[in-house]
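You will see two complexes here that share subunit A, one where it goes with subunit B and one where it goes with subunit C.
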Partner chain A sequence: MKSLYDLVIIGAGPAGLAAAVAARDFGLSTLVLDEQQIPGGQIYRSIEKALTENTPVLGKDYFHGQKLVERFRQAGADYLPEATIWDLGRDLIVSCLVDNQARQIRARHILIAVGAMERPVPIPGWTLPGVMGAAAADILFKSCDMIPEGPVVLAGSGPLQLLVACRLIDNGVKVAGMVETNGFGDNLKALPHFPGALRVPHYLIKGLSMLWKVRQAGIPAFRNATNLRVEGDESAEALCFDARGKAQKIPAKTILLHEGVVPNLQLTRLLGCEHQWYEPQRYWKPVLDSWGQTSVNGISVAGDAGGVFGAKTAEAAGHLAAIDISSRLQALSAQEKASAAAPLLKERAREMSIRPFLDTVFPPGRQALVPPGNETLVCRCEELTAGQIREAVALGALSPGQVKAQTRAGMGPCQGRMCGLTVAEIIAASRQVPLAEVGHLRVRPPLKPITLGQLAKLEIAE
Partner chain B sequence: MLKRLHENSDRKKVTINFEGVQIEVLAGETVAAAVLAAETDYTRTSAISGVHRAPYCQMGICFECLMEIDGVPNRQACMIEVREGMKVNRQHGARGLSDEVSV
Partner chain C sequence: MNVDTQFDVVVIGGGLQGCSVALHLAHEKKRVLIIERDSCGQHASGVNAGGLRRLNRLVEEIPLSMAAQKMWHDIESLVGSDCGFRPTGQVRIASNQEDLATLEERAQKTRLLGYRHEEMINAEALRKMVPAIGNRGVGALICRGDGFADPALTCLAFRLRAEDLGVTIRQGSGVSAIEKNNQNWRVYTGAHSFDAPTIVNCAGAWGDRIAAMAGDHSSLKKTALALMVTARLPHFIDPVIGHASRKLSFKQMSNGTLVIGGALKGILTENQKDTLIDFPQMKESAETVCSFFPFLKDLPVVRCWAGIEGMTPDKLPIIGPGKAGSGVFHAFGFSAHGYQLAPIIGRVMTDLICRGKTEFDLEAFRINRFLP
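Right, the complex of A and B next:
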């Protein structure tokens, strides 16, 4: 371990791993910090310890990550797993907590590759035990060889919902319903993007085969579902919703919610990087140049943390960012940079061509964006409802920061990760202004809990 | 709430103490998953109204999995792997201030 690295990479998913391999190729001293125990990120989670029994269900797209992780292990980058980042500054000092020891590491350049998170789905009853994100179920399968107790209902919208449904079916879990909040109208809207999607036909074929699997399994399927709510006393017992013109109810032990994924912005917000609003999926993303450089000097972003494009795009983006950073640190000439980047730029553009189609077929459901009822819990930590947020707006709060000051929304342990987007959407809808005008919660350190004792023993970077 | 797919895989068995009861789990599992696989229906009570809560995201975002692990409250149980002899308790409400500050 050094105290200064040419490049510190935060996150060991496809973007971070590809960047580390490339940076080592160009001779940069490189450190990868990651919160998990082993590399892979969420998409290739626990790939080094996957059980052979699970190989067929995990599928070949998952095992694509194996070679990447192997290359990373051999690349000679320093690697600090189980590292919790609690601060990051424009002075390029990373503050983290590893094995109960708080420490600081300096970098000449930082690459943020922290990926995405599932969009929170605030519907009535979503805080009941038995309700989880769909990705959460997939993480439990990949990392712990576990499946949720059936019957399971999946609700929401997104390609990941379909993938999780298929893995549950393959693992013999009883799926009692596939309730989609998107519908045929979204398919029609996506038609103009279909030619672009044809550039990567294997994704379309995979999608169709997943749809076929769900249909063959005889799972009751609903589209254009509205008015979703989870019923149950101490834990989830059923999902209720309106579809096909009437009220529906599907009893279930586990309810998996999913309305797409959004970039994890804790670090880029903390740094005050410039962000832009992405309307089709209604999320913020950092403004990046084609190499992943942010508006803040010395800070780059690669992978889904810069906009959700999937694992293959993230891998190419990580590689490209490493090329750019190497050239900035004079490890690479302009000519070498251009020739190394050319095939990757092509590859990335091809991989990205499916996204406009996917993002239009699977828009986040309106109910998940702006809970229509006042009783829905929005801030899970401080237990604040949509009604209380609206009340604060009626009393004059104009921004998530002002709502936070009035109500404590975003002040609990998750620090607004779960309610930030929803609070902003409610304010925008109430004030009838574009969301970009409303702004976002300010992110402050420490990003994750750290005790005063740990802080007192901090090894300060010189 | 959760089931292991392959109970008899060759992974090492680990014993942890959950709410005063010894439970056998498998090495490599997260605390959150191991506890939920032991027919547990909730892992904490909420800070304001005291209702039952369980992990939602399993990736360190939602903080619903906060538990008391080896005497330390506010730990993210989905981010920590089980260890032999680990003591795990549900967290009730917001964490309190501890009697001693260990430096």
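Right, the complex of A and C next:
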């Protein structure tokens, strides 16, 4: 390990891995940090460990990742798994915790490839045992071979919901219901984007075959569901909701909620990068040029951390960012840069052509964005309800920062990762102003807790 | 929309000092407008360490500080909330004979001035008060009745009470210029302007700019001060901890978290409005805490933050009238210990404005002490 690298990459998903392979090709000294034990990121999680008997279930896509990880292992980049990043500065110093040792590492350029996270779905009862995110359940499956206990109900909106449903069916888990918060109206709205999606027909075919599988399995399906809530005393017992003009109730042991994924912004927020609001999926994303450069010098972003576009796009974006960074660090001439980038730019544009369609067909449900009731828990760390957030707004709080000062929402160990978006949505709805106007929570280090003892032994970058 | 533009007093800055001044003036039936550039309590007042300390105050401030502490003990009657006030006492620990000598000298000094609030205690008494200190303290200077409160709660309570009493508050746009027409000041903010015969400058770390607009010279340095807060742990300590010679300063809040600070510098960003954390400073502080309380080494730090404070060269605030007869009054530059003074500052300024005098000697705080 060195104390200075040309490139430090945070995140070993498809974006970070592709970037590392390319950066090494161009001769950059490269360090990859990731909090997981092994490379792969979200989609190719635990890929080196994945049991071969799961092959048909995990699918061909999953094993595309195996090749990528192999190339990464051979590329000669330094790699620190199980590394917690707890601070990152505009001076390009990365502070991390590895093996109980806090240290700072200098970089000439930093690539943030930390992916996305599942949007929290604060409905009544969402914190009961037995309720979790659909993607979270999928991660448990990939990394621990853990299959949720049936009957399972899936609720929300998004392509991942469908994917997870199919995976459950393939594993013989009883799926008692598919409850979608989106509906036919969204299909209509997405119609103008359909021609664009036709550029990547394999995605459409995959989608249709998944729909077909769910239908074949005879799973009760509902659309335009509203008023969702989980019932149960000690743990989840049923999902209740309104659909088809009446109250519905599906008993279940496991309830998987999903309303899409949103970029993981802790690092870019901490750095004070410029962000923009993406209305179709109602999330913030960093403002990037076509190479992934942020508004802050020396900081680039690739993959879902810059906007949720899927694994293939992430890989292309990681590669493109590495090309750009290499040319900035004078490892590549302008001409080499252009010719290396051309096929990737094309590939990425093609991959992204499905997104306007997907993002419109699967909008996040209104109820998950702004919990209508006052009792719904919003900030889990400080145990604050939607009503308490509204009260703060009534007392004059105009922004998430002011709500935080008044209520402590976002002051717990998760630092607002979970409640930040919901708090902002509630403020915007209460004040009846666009969300972009109410702003966002200020992120403060350490991003992940570090003990006083570890901090006392911090190895400071010279 | 019809906006009132004529007021008796315009207060510039909606930190605690501004809100305290406004609410005291409102009690005197003055029509008051607060103009706050960002949001009330967003800067030093809302993010400070919450320490309420007479202990080891600069002697010039002791009379104000004593009066303020009395008000803190009854803060609910002033603002309708206890502001999280906890009279746990404050202690200043000595680790060796040299420290002890420093503290004894200090105790002597205040005694000679006739004060009785600070007292020396020996190692045994210290251990009784702070069992966790073990044998790492040889004595301490303490002040009973000192303690801490919750800055965010305090800012909210002061603002709400001011509003209840009829104070108008405009947030989100700062004062860009002021201009005197006959008896009235015209105060410009954004696209608006407001008139009042009297202006109070409570602009904190930016107070020197407002003073300059009124033709008063001052000397102020913006400084970022940083704090860190830990995860909750079971209650183990009552008083607020300080030290005679080391940078040790922390308290355990009512919710169990530790707030650790003590003149830790942060980094001021270019816009002079934001701050960053300087971890080498935090490392030093963590080392100090762990060396005195080794069992805290496994306690997670969950967040660091910093606020911006205006420091004067002599570390004393600027309190009092500006140029004679100008109708401008200043209360800024509290140099890292202004939270405790906030309740009394409102009263002093109100006395100055409404009665032309105050019972306190403000000689040491006058603005023209900085004239070249």
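Quick note on the criterion: the second predicted complex is superposed on the first by the 462 of 462 C-alpha atoms of A that agree within 3 Å, B and C clash if a C-alpha of one lies under 4 Å from a C-alpha of the other, contacts with A are read in each partner's own complex, and residues count from 1 in each chain.
Heads up, the rule we're going with is that a contact is a pair of C-beta atoms (placed from the backbone, for glycine too) under 8 Å apart; a residue touches a chain by one contact, two chains touch by 3 or more.
Quick caveat, the model's predicted, so the values are computed rather than measured.
After overlaying the two complexes on the shared chain, residue contacts for A:P445 are found with subunit C alone; subunit B is out of touch. Touch criterion met: A:A135 reaches subunit B, while subunit C stays clear of it.
In the superposition on chain A, A:G387 contacts neither subunit B nor subunit C.
Within the superposed three-chain model, A:G401 lies in touch with subunit C and out of touch with subunit B [touch as defined at top]. Touch criterion met: A:G453 reaches subunit B and subunit C at once. Of the two partner chains placed around the shared chain by superposition, subunit B is the only one that A:T127 touches, whereas subunit C remains out of contact.
Of the two partner chains, subunit C is the only one touched by A:G89; subunit B is not. Of the two partner chains placed by the overlay, only subunit B lies in contact with A:E149; subunit C stays clear of it.
Shared-chain residue A:P280: touches no atom of subunit B or subunit C. Comparing subunit B with subunit C, more residues of subunit A are touched by B. Touched by subunit B in one complex and by subunit C in the other are residues 412-413, 449, 451-453, 456 of subunit A. Contact residues on subunit A toward subunit B in their complex (touch as defined above): 35-37, 42, 46, 49, 51, 53-54, 84, 117-118, 120, 127-133, 135-136, 139-141, 143-149, 171, 234-235, 253-254, 264, 380-383, 412-414, 417-418, 448-449, 451-453, 456-457. Across the interface of their complex, subunit A is touched by residues 1-6, 9, 26, 28-30, 33-34, 36-37, 41-42, 46-49, 51-64, 66, 72, 74, 76, 79, 81, 101-103 of subunit B. Subunit A makes touch with subunit C in their complex at residues 87, 89-90, 95, 104, 272, 395-396, 398-399, 401-402, 405-406, 411-413, 415, 444-446, 449-453, 455-456, 458, 460. The part of subunit C that touches subunit A in the complex is made up of residues 39, 41-42, 46, 152, 155-156, 159-160, 163, 171-172, 230-231, 269, 274, 276-277, 279-280, 282-283, 286-287, 289-290, 296-305.
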